[in-house]
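In order of appearance the chains are A, B, C and D, and numbering begins at 1 in each one.
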Amino acid sequence: MKRDRKGLSLLFWLFSSLITLFPIYWMFVVSAKSRVELFGAPTFLIKSFFSENYWATLTNTSFQGYMFNSIVIATSNALLVTTLSLFATYALSRYKLSGKENIFFWTITNRMAPPAAFLLPLFLLYTQVFVVGDWKMFDTRIGLILLYCVFNLPFAIWTMRGVVDAIPQELDEAAFVDGASTWQVILHVILPLARPGLAVTGILTWVFAWNEYLFAATLTSVHARTITTGLAEFVTVTGTNWGQMAATAMLTLIPAIIFLSLVQKHIVAGLTFGAVKG
Amino acid sequence: MRPQSVGWLFMAPTLVILFVFGVLPFVYVLVISFFDWNSFAADPTMRFSGVQNYRDLVFDTGYLMSLWNTLKFGVFAVASEIVLGYFLAQLFMRNFPLKSFFRTIHTLPLMIAPVAVGATWRLMTVPGLGPIPYYLDKWFGYDYLISRYAGQAFFTTVVMDVWHWTPLVTLTLLAALSSMPKEPFEQAQIDGANKLQTFWYVTLPLLKPAILAAVFIRLMDAMRTVDEVWMLTGGGPAAATRYVGLYIWRVVFPKTDYGYGSAMSLITLYLTIVMCWLLYAGLVARRDLRKPE
Amino acid sequence: MSGLKRMLLGAAVAGLLVGAGPARADFWSDAAKGLEGTTIHGVSESTPPSNYVKDVLAPAFTKATGIKVEFEATSWDQMYDKAIKDMEANTGIYDFVYIEQDIVYSYLSRDFLVDITKSLAEKPNLKAPDFDPAMFTTFVNYFKGDKGDIFGVPMEAFIKVYLYRKDLFEDPAAKEAFKAKYGYDLAVAKTHQQYKDIADFFTAWGKEKGIELWGSTVQAHTGHPASWYEFFESIAPTFGVYNWGIDASKNYAATVEHGGSMNSPESKKALEYWLSLLPDAPPESTASTWDEVAATFAAGRTAQGLVYGENAAWIATNDTKSKVVGKVGVALPPLEPGVLEAAESGKGYIGYYDGGAFGIPHSSKNKDAALLFLEYIAQPSVQADWAVAGSRITHQATYDDPKVVAQDAKTDGYYTLMKNDGRLFAGAPPYPFHAQVREATAPFFYQAITGELSASDALDQMAAAAEKELTKLGYRK
Amino acid sequence: MSDDVPLRRAAPQGFLPIHTNAFDRVFVSVVCFVAIHLFWMRFLEQDISLYVATVLSVILGAIIIARG
């Protein structure tokens, strides 16, 4: 009986993985084909590997730069956002701030704006307002890192709020009684307990920042361009270079998977969490 | 012992960033929305036009249709994602061989940029060449032409969105499930509750904040989807998948109709806020706010 | 870019540096005195000609002058958007921008661009000895202002031609079957009826033989402006409907009622004809932009089609991208009677002359350096390699270069066709409201493709929408 | 705890179905203001001037803020 269920569950996971992986597999198939092979009857198997798609991206120095920018921007943004959101939700949860429900709701609304129309004011801000001497915020990494907070902070605050609220107040009260400072409480009481939530928030904010297209495309030019805007370079009037685009997309998966595996184990850490509380 | 000022201090960086990068552009867009401004009109300067943009907007059937389509898209996609995501999260709470491997696989779609997701799905569904239409036709004789039939295109965008974003829901719910206290479940077991009752009276209330967070985040993201659908169908066939984000994008970029686009953005933002607020007030705040302090 | 191509380009740079020789190097370094170390910043679409500038010409220019070039190659939409934002807000991010032929009137109407002729007259020390605007092909006329001054240096130009499969058209079995069915010889179509017959014939032929072959490409994407362009730039003119059916002299009228021709009987006939080709087109046609049309043809899935000329070279020569190498024929598009005569007398045109140029925005802060760069890429000596790499020709000296002549033979005379008959083609009409009218009318056009609207209804609504938009913009009084 | 009290109305319930504070009521009246204007422009403006809508929604807003 038990063995049967195990087999069944394995079968289920294999099947659902197949569905999940198919589009990614197809991306891989496309990345391994030359352009002329794409326009013919589709085949599921790869007959030959057209490695030029990969080499073209790997040896292209501007793409190396884009990849580096993406990693720096996404990681800094994720760190910044998780830290700020932990502070913010701690404040929302533990302090009696006047009108805090309204502030909370207002922070969330920042994510709702359709981005297209907001690009113009941001472009003006970045090129004409945030200017110090020769330095403009336009086409800088810090510009994107801060901007991504606008849609990532609301998300992070919302997710983290439930997590921080769920941590029993008695725990930090007890720490305060023991003479701990607010910093110490956050660092030694809240942070360990909020780890699963923080990990998920970190992953998702990282992903949102990593994948963002419209802002990055408009507010960067050469120096701070990210890999997603690089992907759009393959769509041209003389032909979308599907193969190289897919190959580049496959390559962007590698840092993402590394980051994911680094952070994901913290989610599992939460499994013992119930015991702490009980 | 805990002065408000410390709390505000913790909030401050968040508020400052959101003010500078969120509120300032908002104010600009608000001002622009009362102007008639198109770079390539006969008169390219900004002219105050009162509420004319809004007046045009309430009669713009294209815009209203795209709002309606977006709403349908959002509801279908988000509902499927929540159900599927909850289901998967529950399954991931169990122990089975190769668990972390499968979990990684089920998170992968999230890691792909929407532009690339749109491109991949486009290549999978392009009539005649993509494997899906090709084999549907070959094996079942089914005519799957998303560039021709509106219903199929709509359905495909929903499936693509579900494929891409269900992992987000799974992860959020998984985190919430794993940090859930064990007590209430043990209590329910002692009280002799069956599975459905446990789900309804214990799991669901405890999960509510996480589920709501997922619903809201997904709903607002669905309301402003641009990249994926733009790559997949370009908003076609005709206006079938021209969701509001895409519609605004077309007005602001190619048409350079900044005033009208701003008004459109604000009304979309307004509707999203009202929708979320109603949900929020109805589902979350209601009980909390009525609670005596 | 492929490794092989990269190597070739490398060789080209080397050749260029040696060939362009010390004599000219003097001018460049003299002219750039005092400008060394400045950085100019440009934006363009990432097409092969642009990438050639980015990868080959820009480094060579830096070597010759000491001026650094930062070149942003991006997608079509982004390029427009950012160039316009920069010039509109006068921020001066870009020192040179790509100007597509169809947007130049918008830019000129806003006086966004620097008058190159005038600038060079004012600063003779910057004028390169071999820079001569008269040496460009007629394409440069699109970048001239009222007084004949140039505002852009052409960097790519193509015509949209009729490509057909020589091997199929010359297949004896096909010839015989065609003659038996239609009563005349299978040959390159001169009229729309012939084109349609051939399309029907080869679609049936493909079905019969069980091969993936259809009669014609149709660039009919239902959510992308490419389909709109195919109709107004390549199909409508062959029926005698010019300038999108909008008449500027009659208060920008579009409807027949007000004197326009967007919904004229000829226009409706043209749309009906074009839609009638859809059943003869492979299934991907309703998801095809300019790009997929070329790829479809290159994959050997259609017997004929209208394809942008920038693709002609790789379709005919590059066997990693194309299955029809050596089997491609090039001809003028099929026409209604009288249209060719009208085009020859200068009253009309028979298809689309597309391309772009680099111009300098007024907002630029390094105009001198940018000017030098534009002159640099306009040198006769760099044109031939560039033409071979990007199948573009903007300079008259290019046609006779042995490399181009060799390429011409491989592409069944595409370059010769461009040289001799280029004058019969025309770019987009000189309207500053290009994208605005396109966006306003395109939704109805897509509905015609999906069959929600009939050709006649769609054009009626489009004409009305165009007039409404023009009134809103203030052009139509 | 006392910090929070002044913001809550002394009277426990207004006519709105949820417990509100001043911010909420301003928010609700702004939402109503916009909605009334949009509907007015769509359905009534041909007959009645938009200023009527403005007056009406200001009055409604005042009521909501005062008694919501």
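Definition applied: a residue touches a chain if its C-beta (ideal position, glycine included) is under 8 Å from a C-beta of that chain, and two chains touch if they have at least 3 such contacts.
Here's who's who by UniProt: A = Maltose/maltodextrin transport system permease protein MalG; B = Multiple sugar transport system permease protein; C = Multiple sugar transport system substrate-binding protein; D = Predicted small integral membrane protein.
For clarity, every value in this text was computed on a predicted model and none was experimentally measured.
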Exercise. What chain pair shows the greatest number of contacts?
Worked result: A-B
Seminar exercise, completed: Rounded to the nearest Å, the gap separating the Cα centres of chain B and chain C is 38
Seminar exercise, completed: Per the C-alpha centroid definition, the whole-Å distance linking chain C and chain D comes out as 56
For this session: Indicate the residues of chain C shared as contacts by at least two other chains.
Result: 81, 292
Exercise. By residue number and range, which residues of chain A touch two or more other chains?
Worked result: 38-41, 96, 98, 101, 120, 124, 232, 240
Problem set entry | Multi-partner residues of chain B (at least 2 other chains) | 4, 129, 251, 253, 277, 285, 289
Exercise. Line, ring, star, complete or other: which describes how these chains touch one another?
Worked result: other
Exercise. Looking at the whole structure, which two-chain pairs count as touching?
Worked result: A-B, A-C, A-D, B-C, B-D
Problem set entry | Residues of chain C touching chain A in the complex | 1-3, 41, 43, 45-48, 70-76, 78, 81-82, 85-86, 89, 91, 93, 212, 290-292, 294-296, 298-299, 301, 308, 310-311, 319-323
Exercise. Within the complex, which stretch of chain A touches chain C?
Worked result: 34-36, 38-41, 52, 55-56, 59-60, 120, 123-124, 127-128, 138-139, 217-218, 221-222, 225, 229, 232-240
Exercise. Which chain C residues qualify as touching chain B in the complex?
Worked result: 77, 80-81, 84, 88, 106, 109-110, 221-225, 282-284, 286-287, 292, 432-436, 438-440, 443, 446-447, 449-450, 452, 472-475
Seminar exercise, completed: chain B residues touching chain D in their complex are 4, 51, 54-55, 58-59, 267, 270, 274, 277, 281, 285-286, 289-290, 293
Exercise. Can you list the residues on chain D that touch chain A in the complex?
Worked result: 1, 3-4, 7, 21-24, 27
